[in-house]
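Once you've had a glance at the structure underneath, I'll fire off some questions.
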Amino acid sequence: MKKVEAIIQPFKMEEVKEALKSLGVDGMTISEVRGHGRQKGHKEVYRGQEYTVDLLPKVKIEMVISDARLDEVTRALAGAARTGKIGDGKIFVYDVAEAIRIRNDDRGETAL
Amino acid sequence: MKKVEAIIQPFKMEEVKEALKSLGVDGMTISEVRGHGRQKGHKEVYRGQEYTVDLLPKVKIEMVISDARLDEVTRALAGAARTGKIGDGKIFVYDVAEAIRIRNDDRGETAL
Amino acid sequence: MKKVEAIIQPFKMEEVKEALKSLGVDGMTISEVRGHGRQKGHKEVYRGQEYTVDLLPKVKIEMVISDARLDEVTRALAGAARTGKIGDGKIFVYDVAEAIRIRNDDRGETAL
Amino acid sequence: MTLLLWTIASKMVFIKTGRLALLLPAALLAQAPQTAEQKIEALEGAVKNAQMAGDNAWMLASAALVLLMTGPGLALFYGGLVRKKNILGTMMQSFMMMVAITLLWGLVGYSLAFGEGSAFFGSLQYLFLDGVGTAPNTDYAATIPHLTFMVFQLMFAIITPALISGAFAERMKFSGMLAFMILWTLIVYLPMAHMVWGKGGLLNAFLGGSIPCFDFAGGTVVHITSGVSALVCALYLGKRVGYPTEPMRPHNLVLSFVGACLLWVGWFGFNAGSAVSASGLASSAFVATHFAAAAAGLGWVIAEWLKHGKPSALGAISGAVAGLVAITPASGFVKPMPAFVIGLAAGFVCFFMVSVLKNKFGYDDSLDAFGVHGAGGTLGAILTGVFAPMPSTTR
Amino acid sequence: MTLLLWTIASKMVFIKTGRLALLLPAALLAQAPQTAEQKIEALEGAVKNAQMAGDNAWMLASAALVLLMTGPGLALFYGGLVRKKNILGTMMQSFMMMVAITLLWGLVGYSLAFGEGSAFFGSLQYLFLDGVGTAPNTDYAATIPHLTFMVFQLMFAIITPALISGAFAERMKFSGMLAFMILWTLIVYLPMAHMVWGKGGLLNAFLGGSIPCFDFAGGTVVHITSGVSALVCALYLGKRVGYPTEPMRPHNLVLSFVGACLLWVGWFGFNAGSAVSASGLASSAFVATHFAAAAAGLGWVIAEWLKHGKPSALGAISGAVAGLVAITPASGFVKPMPAFVIGLAAGFVCFFMVSVLKNKFGYDDSLDAFGVHGAGGTLGAILTGVFAPMPSTTR
Amino acid sequence: MTLLLWTIASKMVFIKTGRLALLLPAALLAQAPQTAEQKIEALEGAVKNAQMAGDNAWMLASAALVLLMTGPGLALFYGGLVRKKNILGTMMQSFMMMVAITLLWGLVGYSLAFGEGSAFFGSLQYLFLDGVGTAPNTDYAATIPHLTFMVFQLMFAIITPALISGAFAERMKFSGMLAFMILWTLIVYLPMAHMVWGKGGLLNAFLGGSIPCFDFAGGTVVHITSGVSALVCALYLGKRVGYPTEPMRPHNLVLSFVGACLLWVGWFGFNAGSAVSASGLASSAFVATHFAAAAAGLGWVIAEWLKHGKPSALGAISGAVAGLVAITPASGFVKPMPAFVIGLAAGFVCFFMVSVLKNKFGYDDSLDAFGVHGAGGTLGAILTGVFAPMPSTTR
């Protein structure tokens, strides 16, 4: 099993969700994060005082999927999240040692 | 070392914390996430407009523990978080390459 | 590639960010979490009712970096985040199977 | 669209009476009658009008202030104290009182409370607010339109059940809450209001009752009644699931803070408005209200300081509200310094109620409606007896 | 620093006129003239003063209440309904109306609306507010300073375009919005206000106009105008990017709740203040306002209950606002029970507009400025014709 | 429980004086005396009563509005500007002023400020508010109860130190803050208030002082004093840990926005209330206040537009507050257009102070209490001298 962790632009969230749904990927966990990479943030001025906002709001999507689906999932995900501009985000993939469904103790890929 | 990542129902938080405490697991990090799996969300109506809320609030617990304790920890955790209904959540386990305690540079299992 | 996950005191955030910037580490994702370890929380009183706040606010920093930089990054990070007191936090390191830059489909270390 | 406007406009007849009515007093003076006698007569009418303008100005402002106490005041105060998931539900309880009690009041409520009736109930005299017009009802308030008096009293009837909702916040169904509140108003509030304030009410010695009751702005009717009812509810409903093991601490004290400030400001309308005029009595009640609120904030904070080693924001605002409750029955009778003492006492006593006694007895009064309103109201009623000078010597 | 204060102080001359002016009426009575005739004359002046004090007290409070409707009332109501990222921008739209319309009003606005002019426009008589002083303008309000009347009307001119902003929330640039609002006020609002309220206005039969219009507190001028303009804007601007596929649900109903409560309270100033006095008429408008708001809250909630199986907080507050809109033209003419009926109707109709009709037609009126203000205002105007008794029989 | 109520009720004696007192004026007119002379005498009393009702109605509303400025107005304005972790602490500073200064004022404060004393201090005449009753104090306000005047002035004394707290937000201990505020009120505020407003005060030429000072609603006493004290505090306390490297940007501008709106509305009470009557003077001050606030919002926004290329919400609300500060001393003396100019100037100058000068000098005035209140107040005081006509020609 693999964990796919994607950090994307918040306004792409709906599109990505649709893309994943149409692939039949159901399980996912989302959280609100802030980040920076190539994209360097911007300045905000409060009462003439400049503040650099270098951490921009992003959405992190985490999905644990079977190895077999890795390729199609990352492709669909990247496709839906892409605008071609700096700040589009990253996808990271990790190995998963075990998965357990709390409800009925299913383990491994059946638990996804 | 293993990282145990559990996504559970928010209202089960206290019970799970108690269960882990009684096992002597101290270190943990919690964050608020939203997710969906089998559980499909619900509809909300605002001024006659329907909005699907398909991402429900969940709590994510992350713990890094020694390999030896993996079994008892996941069992206790799943036990405390289970209601038997859809939406109970998942536990994922990952390998950890290294752990460092910032305070004194302890490494490996002593750092947990 | 490695993922470095650091859980630090919120007020150390700026210092850590500076330290990482001076190392040339650009990509990072931050989220607000709560946690406890050795540090045991405190009591708050509301209308004479005591509530134990055992999960204290922390900041989680996630960075995916090349294996080669692991050492200097964790050292710099721990250095900047250390106060020497309980509650300083932890660094965990994980293996990363793959990284993809969404914008242009770069893969592996070039994607970081 | 212009067409539409046109149609509407042409459906409408005559002039704006608003503008017309205004010109009357001026007109009266303009075409001033010739003889001194006539002039004096005209003046007497004009003076009455002027007096009414002044008193009505304050009473309308007061009615607005008392509504502000419920929404958004109380809604925010309570809303900030519950858990996050319950905030809208809790705020809605207050809002639905603004909606439902208004309806009830218009249909029968005002009549049952203020109609001339028996010692315990009013009459159906003002059913559908029939006969409640712009002329003053001299029994209740000689210098303001009857309508003003009616709506001012309505605002009281709204906040009283809203206060009770603090006792069962987080555990009652919406429809059940609504039914309960309407029944409670019919069975408890309206008779109580009639007894203390209504013409012929048992405790309203001044207007034909037999037992005199010293309650300026509703300490008994509003606060003791709602506080005690809250306690009964809390006991009857039992504890919230998870209480007291699961932590249920206030989720947003900033909201509660804003709510408490609005309660403080709105209470000026509640107490000083109870003078039903903009007279010196109103000023006196206004000042007493302010001093008691401040003193009780101080009292609670000091109590916290002594017991827990540090004061808290929640303590300060809870104290202020306790003080406002306690001064209510006394507000028209006492000078600033006695008001200060009443407030200070309320701060201490209510702190003791919610932080010591409640834990001892173990009932779950979610938002301390009893601890603050029941206890504060009772204390205030007792201290009114202690501090209030004989009416004849008041001012 | 003491030096600085000194310099400032010595730059200042003479006494505090404030304090001086106050003593005048008292003085008048003190050095009371000798003959009865003189005394009566003095009294007539004193009575006029007293009448003005009472009416002015209420009108100043009303002006403050109407400003409270825009900021923070409307700003919060709208701000809570938009997506999180747009809240400050949406609130700023309201605030900039407080800033920009005030300027415009001072320069030419008041004069174009209330100057004595043609059937459609005012005049330049009050350019730069020249001639608008503390003496009453007897054409509009005989018992309050002209300045009070002017500033009360200004508050109306502020909230009207702010209401429109609900239609293009989330999609108009700041500078474009500002330019539009100023032009709209010049081209639509000021002529409309003149026609209905201005001396010699076409629809102001009482002050020289030819077609009579029954609009107590601005149902036509404020709500229909802004509602219809909002619809035009929504159609012209087209839909927001992503509407209606992307979910754009309200992000913070607690804010909207507070805003709605402040609108309710502030509306007392809007409607009861339109009596331009603290008379029985003001009380009557106050009561009608309150009953309609409550009834409409009820109406909307019932409609939701029937259609969706459960009521919602957003429904209750939207209903209340719809009721306030609908009662505006009628508020000075109807008794509480007809007000209740108007409110109930408004709750049902506006619910139907925003939850059924809007979806049918598919326009994107972000915050339902048309559905609530346009529809509610039109309904209110029609029902005013139905329920308002002939002026002579009103009270 | 019924038993308890009973006991309380029976402890209480006599009737509700409130209701009784109300009937008196009416009664006076009812049993009208027979001769014209007697009638006239009765009328003179009745007119005085009516005048007081009108003026008192406005002054009570004003006192409530000024309290609204501190809590929740200023508390929200400041609370939104600090970092999240400090919001409750910052809001508490305002609230504790409501608590502590009230106590101080009741004990000695009012007496030291308004008792008849030397050029610099009042006396102990009103210790414990002894002698402050419902009869007017003709030295200060002939037509309202002395109690009203006292409590209105108290609200000023509350907000002044609360304003200072903006300078040391985020870095002072609670108990230290409290001690400082009480001492500051005793040593700085009370003497200053006596000098400018007190009978016999040095700068109060009208009431026996020798140097005349043109300060309508407290520009000098409230804003310059608090602004300068804030600067001294900021310099003395030094910078916050981490300033200016660590970003300390406002955490919730929505709260600040609401606070600013409430300040604007409340300021009507502050300035128009300073007429201590509901006269034309009050209207004039009300209008000047509104125009200056709007103009300063505009001024600041334009300055930002010029310098940073775009306006900001924080700029607009900061500007409005600056305008309110600047118009305070002038509000009773100027017409709307000069008020507009004063406001515009304040917008520009205060923008310059906080966004250019502060950075140059590098002091850390957390919430710009000096930049807005000190600078705005001083500017206002100077422009008052420029724009205010001679008293005799004002109105």
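In this document, chain identifiers A, B, C, D, E and F correspond to the written order of the chains, with residue numbering beginning at 1 in each.
One rule holds in what follows: contacts are C-beta pairs under 8 Å (C-beta built on N, C-alpha and C of every residue); 3 or more make two chains touch, one makes a residue touch a chain.
All values derive from a computational prediction rather than experimental measurement.
Novice: In terms of touching chains, how many steps apart are chain A and chain B, taking the shortest path?
Specialist: Each step joins two touching chains, and the minimum needed here is 1.
Novice: Which pair, C-D or D-F, has more C-beta contacts?
Specialist: So, comparing the two chain pairs, more contacts are at D-F.
Novice: Could you please state the distance in Å, as a whole number, between where the Cα atoms of chain B are centred and where those of chain E are centred?
Specialist: Computed value for the inter-centroid distance: 53 Å.
Novice: Taking each chain's centre as the mean of its CA atoms, how far is chain B from chain C in angstrom?
Specialist: Computed from C-alpha means, the inter-chain centre distance equals 18 Å.
Novice: Nearest whole angstrom, what separates the Cα centre of chain A from the Cα centre of chain E?
Specialist: Spacing between the chain centres: roughly 48 Å.
Novice: Would you please write down the residue numbers of chain A that are in contact with two or more other chains?
Specialist: Within chain A, residues 31, 94-95 contact more than one other chain.
Novice: Residues touching two or more other chains, restricted to chain E: which are they?
Specialist: Within chain E, residues 36, 40, 43, 47, 50-51, 53-55, 57-58, 61, 247, 278 contact more than one other chain.
Novice: Which residues of chain E touch chain D once you look at their complex with the stated criterion?
Specialist: So the residues of chain E touching chain D come out as 36-37, 40, 43-44, 47-48, 50-51, 53-55, 57-58, 61, 65, 138, 140-143, 203-207, 211-216, 220, 224, 228, 253-254, 257-258, 261-262, 264-265, 268-269, 272, 274-287, 290-291, 293-295, 297-298, 301, 310-311, 313, 316-317, 320, 332-333, 335-337, 340, 378, 381-382, 384-385, 390-391, 394-395.
Novice: Residues of chain E touching chain F in their complex?
Specialist: 1, 4-5, 8-23, 25-26, 29, 32, 36, 39-40, 43, 46-47, 49-58, 60-61, 63-64, 67-68, 71-72, 75-76, 79, 87-89, 91-92, 95-96, 98-100, 102-103, 106, 128-129, 132-135, 144-145, 147-148, 150-151, 154, 174, 255, 278
Novice: Can you list the chain C residues touching chain B in their complex?
Specialist: Touch list, chain C to chain B: 2, 6-8, 31-38, 54-55, 58, 60, 74, 77-78, 81-95.
Novice: Over in the complex, which chain A residues touch chain F? Could you list them?
Specialist: Touching chain F from chain A are residues 44-49, 51-52.
Novice: Please give the residue numbers of chain D that touch chain C in the complex, ascending.
Specialist: Result: residues 244, 247, 249-250, 304, 307-308, 312, 314-315, 318, 351, 354-356, 358-359, 368 of chain D touch chain C.
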